[in-house]
């Protein structure tokens, strides 16, 4: 059966395959007039509808920034909320144009799944959230514990790896929907909840009746570079999404904010001039307007602003910049020169 | 039920209970057991749902009382009913619900089963579309990813059953066709769709479908979910219709042939009118099933009645009152499904009577 | 099939080929086939083009790769180092487990409900009617969410578990019961039970034959029950009266040892059984009503008791009416078990979805899901058709 299907697939591929055309995704986006962006079904701070039903969050800001770069209007986004299980398939199939949804950059996703990750917009690590009453000090004390985890995530794989490496037994309770998984943990179905540190912070802040009863254990058992992904087959679109994010970091490095961006167009710094399109020609290579970065910063803000507004101390989550600070302040955010 | 003459004040209940509750030792034991159970459950349920219930206020008030927290519903009923439809425009989905209810009532009585009913449903669905989408003067455009709650449930199920019906007719006729290729194709379609779970169908429709189309061609997500429901329902409906076709007496076919009617004339004028009358009760049953099955769209991220209830429950302050939330959603579903199932029983009795008379 | 139609030869003379019904039939079929092939070609072609241009891996080679994700419940041994095919097998077995147990329990519940609905006892009939009305009117998914949340929210944490005799523990981690430790004694006791079961079956056949021949009645049920309980008990006493059990004990976070019925499995099973039981109850009721009342009266006048009338006269006859709709309920239950994904029970669809996500091979994953469900559906239909024929023949033979 297996071989027959593979053979049939190969024959049919040979019969009907056409050369892939460059620019398909970008052309489709332009023709449609909106960017279709895959986001979380509801993770406060990263991607969730607010009280008025408007989408907001760090990941959502990437979508808005791409729309600002392409159309000069950050509102031209159609959001598609996706569960962890559905997100990669949705991107592969063409259901969405880009995926900005706490997705860990891994090699197999870049190679076998037909995706391309553009840039890391949040450096994270997997941890454990437990109730203080449990009296656990570290992740290795969790031997025998039941752990709630969302299916279809790298988290699920890391948990199995962690248990194997440390020779402890962890019982996963895997639930498809993030809210349900968090609910199951809060209701006491599991001893611990495992996920990326930022998500645990979001659960602790938004979904527990009393956040002070819960603690995130100090260990990080994995590296989770959360990145924005596009589908393979359109290099220009890949570039647009990649450079949209670079522009947001570059703006922070150069001190350009949504408040001062109009003044900064008068700056004599050639780097700023190139970024804001005062020097002509930078948008041409991307196939967008020269003002692309100006529009991003004006309408969405630089990376630092987005961080503070959504997950930093100006938000419910109150996360420190940590690894996500600029490289000049000991973090990992390092803009590729816009020139 | 009982027709004994009244002799004394207690005679009737006494006789009645002798006959209906204590006819034998075994029956008496069951009665006492059931009565004991009810006595245990009912008072505390009433106490919880009505006496100690909190009708308005905040979560703290609810926790203090220990009764049902209907305050949760008073606080969130608009989210439960309409999902994330723009708050100021929610009169539009409300009107859409009314339109649906009116259409259902209008199609209820057999004397209304005429051609105008089809036009009414077509017109009604268009009207609902205009109401929900807007984009005409006076009604701002609302994109359909903001639709939710009860209207979405009604739209998905009503459109699903209405549009799957023609397809089901063709499939049922195809399955009984003399042409082997037509028969094989119909059988394959029906058995394939009946063999797979709706969850997988919806997953395919919502996430994988663009993979089957040329790049850049997109079909709206709600539309795809709707198409999935239509194609899925058609397979089940076709089997119901086939049941009706099989019940038509052989003589009817022969008589139609003797009149020199063509296949389509015969089908349209003689066979279907009789067959469809027979299968109306199972069709209503299928409608109930489809109505309930639309709740599965929660899995693909559409905000129908069940998802909007869950959304209301995701507020950590109110999370503890999930029973109230589910009870309310269940009641809304029950109002519709119970009405339809009583209706179907009424129809069955009525059709039975007609048949016996003829 | 419809009746014979007037052929072109016996009807009007055919001047043109399209007036010939047979020719038109061929034309329709060719057109239909062309349409099916064209649509199939279009979809498959697009899919392959898209897979190719997006550099998405194809083929079923991933089945042999290491799955590397954990599955919380498995009937067979499973570790994250096992292959995807093994993980899918675990999912399939979980689906089959919940379906088979669900079918058995919901059939029992359905029979009880159906009989209760028709009971002469007013209160019993009312209670059954209310139950049927509630479960049939509310979507199954809502019921599942309700049961799951009820189990996880209202049951205590393991440390305050409801403790029955230090043997059975109920907590929000599930139901824990002692499990047998498989040593010699257990094999003897199980063997005795199997022996009793085999003898009971043989006894049943013998008694039926004898009754047909001589009309003498033999109390099969009582003797069988006595044997089924007695033989294992004898074996147990003969073995020294001791059997080894692995009793669950609270260790660390959770209980160790014993069998576990997890909340996910329990919620799914309870939801499916209550839901399907309501539908089966209605089927049983209509099946019983389909047996003419004269049959009951005749049986009673022959001196059969109420229970025997039901068991020997009414139920066998109503089986024929009941089997076809029952088949579709069984199929529904099996397909409805896919809702497990919403409450975290690792059934086939849940495992396959995870595999799809990890490998990126959605087309293959969905093909596997659909193929397996088709096979299950067809197998169940075939079995029930076979059973239906058997029942029909028995009932129909003079």
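Every chain is named by a letter (A, B and C) in the order it is written, and numbering of its residues begins at 1.
We adopt the following convention: a residue touches a chain if its C-beta (ideal position, glycine included) is under 8 Å from a C-beta of that chain, and two chains touch if they have at least 3 such contacts.
Bear in mind that the values here come from a model prediction, so they are computed numbers and not experimental data.
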{"item": "Chain separated most widely from subunit B, comparing mean CA positions", "value": "A"}
{"item": "Higher-contact pair (C-beta pairs counted), B-C versus A-B", "value": "B-C"}
{"item": "Inter-centroid spacing, subunit B versus subunit A (mean Cα positions, whole Å)", "value": "39"}
{"item": "Whole-Å separation of chain centres (CA-atom averages), subunit B against subunit C", "value": "24"}
{"item": "Shared interface positions of subunit B, touching two or more other chains", "value": "203, 207-208, 211, 213, 215, 299, 310, 320"}
{"item": "Junction residues of subunit C, two or more chains touched", "value": "49-51, 53, 149, 153, 341-342, 353, 362"}
{"item": "Subunit A residues counted as touching two or more neighbouring chains", "value": "21, 24, 89, 92-94, 176, 183, 233"}
{"item": "Subunit A partner contacts - residues on subunit B that touch it in the complex", "value": "84, 86-87, 143, 145-146, 203, 206-211, 213, 215-216, 218, 221, 299-301, 310, 314, 316-317, 319-320"}
{"item": "Subunit B-touching residues of subunit C, taken from the complex the two chains share", "value": "1-6, 11, 25, 28-30, 32-33, 36, 43, 46-47, 49-51, 53, 119-124, 127, 133-134, 136-142, 145-146, 149-150, 153, 306, 331, 335-336, 338-339, 341-342, 349, 353, 362-363, 366, 369-370, 373-374, 377-378"}
{"item": "Complex contacts: residues of subunit A adjacent to subunit B", "value": "21, 24-25, 27-28, 31-32, 36, 41-42, 49, 52-53, 78-83, 86, 89-90, 92-95, 176, 179, 183, 186, 206-209, 233"}
{"item": "Residues of subunit C defined as touching subunit A within the complex", "value": "41, 44-45, 48-61, 63, 68-72, 80-81, 149, 152-153, 157, 172-173, 251-254, 256, 262-264, 341-344, 346, 350, 353-354, 356-362, 367"}
{"item": "Parts of subunit A lying in touch with subunit C, wherever the complex brings them together", "value": "2, 5-6, 9, 12-13, 15-18, 20-21, 24, 84-85, 87-89, 92-94, 108-109, 112-115, 134, 142-146, 151-152, 156-157, 159-161, 163-164, 170-177, 180-181, 183-184, 187-189, 191, 231-233"}
